[in-house]
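The following pair of complexes shares a single chain, chain A, combined with chain B in the former and chain C in the latter.
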Partner chain A sequence: MNPKLYTLLWAIGTVIFILLSSLAVAAVAKAIVRRRGENRLYQSRTFAGYFFASPWIVGYFIFVIGPTLASLYWSFTRFKLPDPPQWIGLQNYIQLLTADDQFRVSILNSLYVTFFGLPLQLAMALGLALLLYRRLPGEQVFRMVYYLPVMLAANAAMLITWRLVLNPNNGILNTVIRMIEDAVPPLVFARQVVVMITEVTNAAFIGLQRGDFTLLQQTLARGLPVPEAMPLWHQSQLWSKPAIIFIGVWSSGAMMMIYLAALCSVPTHLYEAALVDGASSWQRFWRITFPMISPATFYNLVVGIIATLQIFEQSYVLTDNGGPAQSTYFVAYYLWRSTFRFNKIGYGAAMSWILLVLILVLTLIQFRLANRWVYYEYES
Partner chain B sequence: MARRIWLLLSIVGVLAVLVAACRPTPAPTTPPPQPTQPPAQPPAAEKVTIRVMVVDYIPDKTDKWLEEEVVPAFQKDHPNINVEFVYVNWGTLDETIAGYFAANEGADILNLGSEYVAEYGDRLAPLGAYFKDWPDWQQFLPGTLDTVMWEGEPRGLPWLTAPRAYMCRTDILAEVGWTKVPQTFDEMVKLAGDATIIKDGALQRQGFTPLEDWQEYLSLIWTLGGTTYKADGTPNFDSPEARAALEFMYNRRRAVLPNEGIAGLPETTGALLASDLVACQWGNLWGAPVTSDPIWQKIELFPGFTDPDFPNSKPVVQVFNDWLAIPAYSKHIPEAVEFLKFLGSAQNLNTYNSHFGSFPSRKDAWFGYVEQDAVMKKMGELMGQYGVGFADIRETAQFRDILMAEMPLYFTDAQSLDTTLQNIQSKYIQVLKDAGRLP
Partner chain C sequence: MAQKLYKQPLIPRKVRQAFSNGIVYLLLLAGSGFMFFPLFWMISTSLKTMEEANSPRITWWPAQPQMDAYVQVLTDDRWLLYFSNSVFVTGLAVTGTLVSVAAVAYAFSRIQWPGRNLFFFLMLSTLMLPPQTTLVPQYVVFNKIKWVGTYNPIIIPGFFAGGALYIFLLRQFMMGLPRELDEAALIDGANHFQVWWHIIMPLCKPALATIGVFLFVAHWNSLQAPLIYLQRAEMYTLPVVIANLINPQVRVQPWPLIMAASALTMIPLIVVFFFTQRYILESVALTGTKG
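Then we have the complex of A and B:
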């Protein structure tokens, strides 16, 4: 068949399907309210309401519920394209949780970036929001400037630009560090200490991750790095995760906007009262601002955990397929790789359900702990 | 009453569409049993459309050539065969092909990579009967035909050949006291160190690149006379050749980077070998300076080096072949074969490969740019003498991941040589077992 005609027929078929399915859903809804004994006006309104909502409802079932259920089923199967799925029960889950080194590595990498990176992102976002809250001249421009990275952060071209910025040899970041150190020579020692701490910490993490502490021993044996040793960023497994955290911090504009909105809603009379009582600016921040914006912190934390556990583009583009030595092999990247590179659909599905459970557990823990530190004004 | 009938019809309609959409796919995935020599069918008399999936290397150039020149020329003799192209890239090729096989329908011709025959062998149509009487078949280089053979039957035609060899800048070598390119593994290590310049904790010039390429690792194993698999199909990474090759790569890396705290080369564009940043490199001509660049007067192209400790050691030029296969699910195999034969003509292969400086896979297509260009000519000679096809790499994607995870751990001192080799061996065995390639 002519492919254009084929496409046209499919398009017409799709429209007919949407119309018919909407009519069917609306008719079922109407039949239900009729059974309940509602009047004709209510019935026709129900019909109209469901008819117009149905394209979305049907789409949700087909494109969300359907694939979700299929994914759940596949997670219990050995489904390696192009072979058909074979039921294997819990084998995929058992393999992932007990025998798959790469999965363990990827989960731990993701947790590393979450636990080390997210607090830094929150701190940066709050700091920027506090600065912008001061109503500086050109405030709108600054808001735009700080929000722009959110739109650009995971963009492939932007990540390639980051490769240039973070090049250990002649990248902009290391060049700027060198320039600052030339102006203030004592900073060289400070940088050596920072390099050593970062490398030892990351070598220890890799040791724990892989159960082999050779790299840590080597790093410790090197002692304080030579003065020329600069951060190696995406070139080294000891720096690749800090590099990704750095980019995450740079793109914390979305969190900043949430904080900014929260800051605007803090009642000014609280500050006025605190000023009358002689509270310092730190006391005003810690005793008033921070508790009052705690719902925003909570929101940023929950959303941040979910987003950080799903980091993908950075390991695909910036560090070139999860390198070096799989130090940026994150769980979302491994999931994609298993599913679309190895064609192990069942295995990838199981991984996605484990990731879902992990995110769910972390979120539930956050909600449980929220009672202790999140303050909602309406509760008082 | 009418409303009820209308409602009923609506529900029935929706159910009909749903049932049609959810119909079981025809048991797609187990390849049909194939006779060893299926009879060649003549092309159909009625008008048919075949779809050709190709890798889009140079979108504006190869696409245009295929659509505006090749297809019209083909249709002069085959007016009843319409040809459509599906363009993909290497990033989306695997899932596209897997989708085709899972659905048991898709493109009639698939662009496959050098090592793919082991991946899809049984699912590709055996074409021996179609090529049996085709005189052009004899023109294809034997090494390239190895890439397309599965269980004694050709499954397609090679159409792009890209060999990988070593290249050194002779002026840089002379600067560091070397009058000739390295002949042995030890010399290569020494040269890599001699030609490297490190200043302020960063590389200013790299004696050799790349430093951790998994494909070069395989090439080095073959150079030492080793094999990727043993006779029983198990991986061979517990062999002396696999150990020596990996150890060599480590030593060469240490000659370039005395420790892992040294910053790599600055980001640059264009060919590294033309930039004075690199003294020697391994790769194909795509990653090298363009062959018309005068810098080639200072570059020596050579097949590699040997290790006197390994008596079977012989330089290897790894040869990558893209090829076009016909899947067994195709309903237009005779027509697809006709198009393959047309595409595989000497002139077409020459034109296609001239777009990016690769080699036509048939000897009689080595004219024009292949003969006139001294670099191409030299590379062609090396390929003829030392070429070994990059073929039959089983479960490539996962194998690549294993090597890319394990090798850098050894190279960065995070793991011993023994552990690295053991991990590669055991993990690869597991992958092959999971895929049903090992009992």
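Then we have the complex of A and C:
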């Protein structure tokens, strides 16, 4: 049977199922409030409310609550399809947290991108927002241009284009860097320094991750790289995470829009008062703008952390399955790999619970720290 | 009056203003160049010959632009099939999700019913849940009911108002519509279904367009779920095919072809964004201020 026709029939069946189950849920809800002796109007509102909300309520039990509970149970089992799950207690968690080197590498890689990538993304977003905030003619067009990458970034087609762009030998990016340096020769030295800092940082990070510092020793022994040394991007384990961060910075348009909205809501009388007092533009930014838009920074941080922990496509497409040398293994990628490539269902379920706890903890820390630096105007 | 407080600057204000605006424009243009250069390189490479695209000497724009790669993609039955697969999956999933999300948002904004606040809270709490938590067990269930290898697992779950963020956005929009609209209609004897479909839905067009675009982007770009659930090559969607185009065994990749296919994959996204950008940019800003 044609697979599209098959799914179309299932879709029609699903719509009928949703309508019937919604009617059933609404009827039950109505019967309950009638039993309680509520009036006719209340009854009909109850019926309508549950009828319209039921697609989500039914879906919540089928696709969220059910799977979540099942996953919690399976995380305590050894489960390889098609065999039934076998209870093994905490073994999956113990294995993950103490013995699985690849999982530790994935977690640390994810945290690396969060701690180094997110601030750069925020800086780029804020910088662009400050430029747009001038409201110069043509601002609408620039806004569009800066947001466009957000829609494209996750597509495999875009990521494969990045492979070509970032190619260390004949990629356009390194060519552009060389062109700029030909025009302004002192920049060669600046690039050498940046290359060295990046490589040493990454080598040190990989050393800490694996408990093996030979790579760092090699990198340090090389000293300042030769002037020809260009960034190697996705082809080197010292550059693969910076490459992914670079693409993240390229698509920071959504954060920029949040910042732009926040900038527009800062009352102008604050700036006027500061101007009268003779504050410099530097002071005005750090003493007024930055504190006033701190809620936007907070929002971008919380959403950004959750997003960086979901990175998958980049590992799969840009760096060819988490390479080089597992330097782009991230939590979501490793979870997919061990669950669906190696059919370790119980193990994957345990990993997803650790990921959930990690997200909750990071978000909770965010909210705890927020009191110290996020300023809400309508607070007393 | 306030101007008297400043010292008179050496360079007139107007000149300084023009100068700083010029710098801002330069920066804005540099930023635009940064945003566009991968797209530029994609188009440029897709118009090159194989030798030109793989040569170590870079040409910014091919001396003789070739359309061969595009012709090759667009006359290949397999590529047309992949396109139709992506269109089918995206179209059906977006339609089903959009209608059900609109119904649920209506319940959460225009009707007072017992339990509404509880369910609304539950819905918002799912925003925190990483999709990986449900990915694994859903796979087990879909495997059990023999859905693995069909389009069902990618499309059907959306019909149950998948996506709390979309419900939330649409609810915020519906809350802003005047109450009198539905009250008048209800007193005139209309039922809730009529109010929803004939009164509220037409007024929500901008919000529906935005959410439709978000859903479109999510499904058009989706890679992980199709990788998990689609098993036969003739069912693959575009991202799955493109992600596996590079053959690590060979030294010379067919870059013009890969880039032509990529460009054709990007075009629907760019066109849709171009026509809806006004709505989208507004609601992106809204998520931040409300959230």
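The definition used in the following text is that the second predicted complex is superposed on the first by the 358 of 380 C-alpha atoms of A that agree within 3 Å, B and C clash if a C-alpha of one lies under 4 Å from a C-alpha of the other, contacts with A are read in each partner's own complex, and residues count from 1 in each chain.
One rule holds in what follows: a contact is a pair of C-beta atoms (placed from the backbone, for glycine too) under 8 Å apart; a residue touches a chain by one contact, two chains touch by 3 or more.
Predicted model, so just to flag it, every value in this text is computed and none were measured.
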First (chain B), second (chain C), both or neither touched by A:Val226: first
Partner chain(s) touched by A:Arg163 [first = chain B, second = chain C, both, neither]: both
Broader residue contact with chain A after superposition on the shared chain, chain B or chain C: C
Touching partner for A:Leu81 - first (chain B), second (chain C), both, neither: both
Touching partner for A:Pro3 - first (chain B), second (chain C), both, neither: both
Which of chain B and chain C A:Gly117 touches, first, second, both or neither: neither
Which of chain B and chain C A:Asn343 touches, first, second, both or neither: first
Which of chain B and chain C A:Gln326 touches, first, second, both or neither: first
Which of chain B and chain C A:Leu215 touches, first, second, both or neither: first
Contact residues common to both interfaces of chain A (with chain B and with chain C): 3, 81, 163-164, 169-170, 340
Contact set on chain A toward chain C in their complex: 3-4, 6-8, 10-11, 14-15, 18, 29, 33, 45-46, 48-53, 55-60, 62-64, 66-68, 70-71, 74, 79, 81, 128, 131-132, 134, 136, 142-149, 151-152, 154-165, 169-170, 172-173, 175-176, 250, 254, 257-258, 260-262, 265, 272, 276, 296, 299-300, 306, 309-310, 312-313, 316-317, 320, 332, 335-336, 339-340, 345, 348-349, 351-353, 355-356, 359-360, 363
For the chain C and chain A complex, residues of the former touching the latter: 2, 5, 21, 24-25, 27-28, 31-32, 34-39, 41-42, 45, 54-58, 85, 88, 92, 96, 100, 103-104, 106-108, 111-116, 119, 122-123, 126, 128-141, 143, 150-152, 155-157, 159-162, 167, 192, 196, 217, 220-221, 223-224, 227-228, 235, 238-240, 242-243, 245-246, 248, 255, 258-259, 261-263, 265-266, 269-270, 273-274, 277, 280-281, 284-289, 291
Interfacial residue positions of chain A with respect to chain B in the complex: 2-3, 13, 16-17, 20-21, 23-24, 27, 80-84, 101-102, 163-164, 167-171, 174, 206, 210, 212, 214-215, 218, 222, 225-226, 228-230, 232, 235-237, 321, 323-326, 329, 337, 340-343
Partner chain A, residues of chain B touching it in the complex: 7, 10-11, 13-14, 17, 27-30, 49, 84, 94-95, 98-102, 123, 200-203, 259-261, 263-267, 397-398, 401, 404-405, 408-409, 412-416, 419, 427, 435
